[in-house]
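Next come two complexes built around chain A: one with chain B, the other with chain C.
And then the complex of A and B:
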């Protein structure tokens, strides 16, 4: 460990740390463009110039190792003047089209220019103008706004290991180019949009949809696959507008895949079940929650139940579902199926990939004692009550579905939608989806991570833990759960893998369950 | 009078209406012949509005008849009355433009912040006050209506006295 002083603050950092990172540790942001903690250091933007005492000239903070006893001035006159010069040169060709630029409001050029830049330009020549270029994938390139920090080039080269981008031409004509006949189609290429400090690389999907200051943000976990990348859900007027990665050194570092990034439309779907429904004759009619819960409890009591659950439900909901099954008749069981997709690793980051299991809580479902199967509907035995817990069975063939329907004596739906084939259900309890609820997922390495509520659920739909707690009470369980934290602590008390965990203790980056590598199949005795 | 209430006779000159009536008529007559009249014969005559008058909005257009608005979203952000509804979109040339731009003139408090914040000098408050309607819906001005307005727009400050001194 070495100790240095930055802006009058003493900070101790491990040897080899850059001054810029040491500044972060001391709580001082040194302005920078080309530096990114997830990428190799380039030192091309000259924005992070700082004054180091006893050094003959200004030093780039990103590429200078911190040394013992160093005294660094970030906001000294000479450092400010140097950075002001850098900003003036960057703005020579940068169009002042902030009103129509998607990056406006979250643009580092905008921020630092307001903070440290000149009030006006001295440049009188016309700006260089280049046409907008489609980079393929989800990315569009606006060369006029580019400040040539090369973060995108370095990402594609060293992290994605698919060198598609380069710096074409030199000097005034330099811009980011694509190699001939290659497109930004790498499954992780969308990260260049996040890495771009200005509005040069933009997401086509998000283009012109919302301003950054219009949006509300909630820390969450990507529901796309079992990797469990940390994300931020950004909503505008209660509609999810985009997903962005949230740093977590143990899971996804700074990145998320394109599939996960664009997989948010289902969170906004309109065909949700919004009121509790029970069967009256031929139709499902909307009723009060109490009536629907009682109807579901009456159907389940003493019966043999087969629950088909979704591996996209939270640990708490799955635990409470397991507890419901224990309250039902003998030989009740729960199964789940996982949608599969091609695996796509990000080579530059260890143990990071789009996983084949396209569901966020496969591990959690297994820990709660649900049986994984490829044909969940075949698990329905003759005379069973089919408890459908938000599982997506659209992939199942019509014959399989009708066979299961013929065997099932009753159907209870607990979920965000009621599929057409389950219209014969006795009761339907509407749930909030993962953006409207909070809870935890267990990723494939056993990391339990919290996601928080980003929007409000439709009409009378309620969070799963709350609905299931009421259902358990109606089934005679003495459980008391009023908050998601209480639901989690009930789980932590009952399940050995979660022993000792607290909701608050999970923090922003999660905690790993006991015996993470070898998930134990706990099927009995985890109830109260 | 069980509790001995005193009844006073009031002098006739204090309770007569004649004097008050004459005083009032006198005032009226004085104003009738007063050369400094302020009454304006509306609608035949109109008052000259201040160049800084802030009335109902107007959207300025480019030479080819399109609205100048680029849907940057600053006016709905700055609007203290939250009366501007804006949905951005993209036209065939890839330019940002407002798909929906509506101002609820009922909600508007005519502060003029929208005009002040607009980077394109597109939305303006107008020197205009005649805005009666037969229905409430008529007070939600859409983009077409804002562009069709022809009244002069607010100067925001007096060119002769920019600092308001």
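And then the complex of A and C:
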């Protein structure tokens, strides 16, 4: 460890740490553009120039190692002057089109210019102009806004290991180029949008959709696959507008895949079941929650139940469902199926990939004693109550579905939608989806991670843990759960794998269950 | 005077002795003129002994920075288990400089021999000679010389009777000034974009392909065989002024001067005599107005400033400029300094690799302002803006291209402010008006 002083604050950091990172450790942000902790150091934007005592020149904080006894001034006159100079130069060819730029409000050029830049420009010459270019995938490039920080080039080269981008031309004509006949179609290429500090690389999906200051944000976990990348869900007017990665060094570093990023529209579905329903003759009619819960409890009591659950439900909901099954008739069981998709690793980050299991809580479902199967409907026996817990069975063939329906004596739906084939259900209990609820998922490495509520559920739909707590009480279980934290605490007390965990203690980055599996390689060559 | 004219009697022809002599180009011809004896002598010594001789000779880098060559070689640690490389910087792109071109055109074997000796001294098995892309004839001569040297067993696995393995590879640049910057040159050899690297690490630690590398200029390496055969003391004694600057140096003279060309003089030669006696002074009826003594990157000087200058590393610095690459650009009193400075700035703007913000944007902005002033559209605050941009471009970037662009602008405004003011106040270039009237 070495000790240095940055802006009057003493800080100790391991040898080899850059001044910029040491500044972060001391709670001082040294302005920068090209530096990104997930990428190799380039040292080109020259924005992080700081004054180091006894050094003849200003030092780039990102590329200068912190040294014992160093005294660093971030806001000295010479450092401020140098950064003001960089900002002025970055702006001379930058269109001042913030009012129509997607990045506005979350733009580092805007932020630092307001913080440290000149109030007016001295530039009177014509600006350099280049046309907008479609980079393929979800990415569009606006070269006029580009500050040539090369984060995107370095990401594609060293992290995605798919060097599609380059710096083309030189001098002030330089821009980010795309190699002939290649596109940003790598499954992780969308991260360049996130990495871009300005509005040069934009998501086509998000283009002109919302202003950053109009959105609400909630820390969450990607529901796309079992990797469990940490994300932020951004909503505008209770509609999910965008998903972005949230750093977690143990799971996804700074990244998320394009599939996960773009797979959010289902969170905004309008065909939701929004009121508790019970069967009256041929129709499902809206009723009070108490009536629907009682109807469901009466149907389940003493019967053999086959629960088909979604591996996208939270640990708490799955735990409470398990408790429901224990209150039902003998030999009741729960099964789940996992939608499969191709794996796609991000080569530059160990143990990070789009996983084949396209569900966020496969591990959680297994830990709660649900049986994984490719044919969940086959588990339904004659005379069973089929408890459908938000499982997506659209992949099952019509014959399989009608066979199961013929065997099932009753159907209870607990979920966000009622599929057409389950229209004959005796009761339907509407749930909030994962963006409307909070809870925890267990990723494929056994990491239990919290996700927060990002929007409100439709009409009378309620969080799953709350619905199931009521159902359990109706089934005679003495459980008392009034909050998601209590639901988690009930789980932690009951399940050895979760022993000792607390909801608050999971923090922003999660905790690994007691019997977590060892990490394993996804494909050859990917370090674990 | 050097090639294509006979040498001036006051020149000391060491490197340029055979300029213009086509027979010196071939291996046989070079051997007749004493070639490859130095390599033989060097291979009979310990590598460190070779380095010591070069160190003792006081030879300094001829590419511009003037770093002591022997000291640079001594940074290469023998027996570190890593591959060592020698790079020869033959990317001579500094405007006004054309000395390396002549060495390669006329005495290619002098460079091959110098490379082989240096490679032996630093324990490098592979030498890359990085030749400027536009240098088609030097490339051809060097390729032929290397081929001959391989055929004669001077290079390759059994170089000089199997004493050492020395491979020389010629790499042709693609036409970028920045590739003359040592780390950009290494990137270019590696097949990457020719962008300078952040230092540290320095090339002696992690250079070409991440391995310890020494990089020397053509003229530096071509001087080495002479030092080996005639001794460090002999070389060190060749000195007219500062004892820290021994040896001969090729100066390329161009611009408004009667006898342009390459001149080889002992360092410390009086600059005024050089300009008037050797180079013949300005064209008839003209006067020297400004001299850029060391290539486009060094401060512009007025004739009054250079009059007392001694032509060595210390002498040019004392006069307020730098020896640089030895490219002497003469500008007479019929030239518009604003136009000349604009031309220099345009060059740097064109050649900026675009990595660092100050360089990418600053060189181009500077060019636009100077050219606008030259076109009669300048405003009084433009000069302050130029000086502030120049200050912002100095000492803040990865390499010195940005600084190099600021240097002529700052020195030009300081020393020829009246010309800038005349453009701004008169809203036109006075030299164009004069030319139109004539």
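Operating definition for what follows: the second predicted complex is superposed on the first by the 517 of 528 C-alpha atoms of A that agree within 3 Å, B and C clash if a C-alpha of one lies under 4 Å from a C-alpha of the other, contacts with A are read in each partner's own complex, and residues count from 1 in each chain.
Quick note on the criterion: a residue touches a chain if its C-beta (ideal position, glycine included) is under 8 Å from a C-beta of that chain, and two chains touch if they have at least 3 such contacts.
Only a predicted model underlies this, so the values are computations on that prediction, with no experimental measurement involved.
**Q** Return fit or clash for chain B versus chain C, each positioned on chain A through the superposition.
**A** Here chain B and chain C can both sit on chain A without a clash.
**Q** Quick one: is A:57 in contact with chain B, with chain C, with both, or with neither? Answer first, second, both or neither.
**A** second
**Q** Which partner chains sit in contact with A:147 here, chain B, chain C, both or neither? Use first/second/both/neither.
**A** second
**Q** Applying the touch criterion given at the start, work out whether A:16 contacts chain B, chain C, both or neither, answering first, second, both or neither.
**A** A:16 sits against neither chain B nor chain C.
**Q** Looking at the overlay, does A:132 come into contact with chain B only (first), chain C only (second), both, or neither?
**A** first
**Q** Between chain B and chain C, whom does A:99 touch in the aligned arrangement: first, second, both, or neither?
**A** A:99 sits against chain B, while chain C stays out of touch.
**Q** How wide is the angle at the Cα centre of chain A, looking out to the Cα centres of chain B and chain C, in steps of 10 degrees?
**A** Between chain B and chain C, as viewed from chain A: 90 degrees.
**Q** By the touch definition at the top of the document, which applies to A:211: first (chain B), second (chain C), both, or neither?
**A** first
**Q** Which partner does A:350 contact after superposing on A: first (chain B), second (chain C), both, neither?
**A** neither
**Q** Considering only C-alpha atoms, give the closest distance between chain B and chain C in the superposition, rounded to the nearest Å.
**A** Superposition on chain A places chain B and chain C at a least C-alpha distance of 27 Å.
**Q** Taking the contacts chain A makes with chain B in one complex and with chain C in the other, which residues are shared?
**A** In chain A, no position sits in both the chain B and chain C interfaces.
**Q** Could you pull out which chain A residues touch chain B in their complex?
**A** 98-100, 104, 132, 207-211, 213-214
**Q** If you look only at chain C, which of its residues touch chain A in the complex?
**A** Touching chain A: residues 176, 178, 193, 198, 349-358, 360-365, 368-369, 372, 381, 385, 388-389, 391-392, 395-398 of chain C.
**Q** So in the complex, which bits of chain B are touching chain A?
**A** 70-74, 77, 88-90, 94-96, 119-120
**Q** Going by the contact rule at the top, pick out the chain A residues touching chain C in the complex.
**A** 41-47, 49, 57-58, 60, 63, 81-82, 85-86, 88-90, 92-93, 122-123, 125, 147-148, 166-167, 169-174
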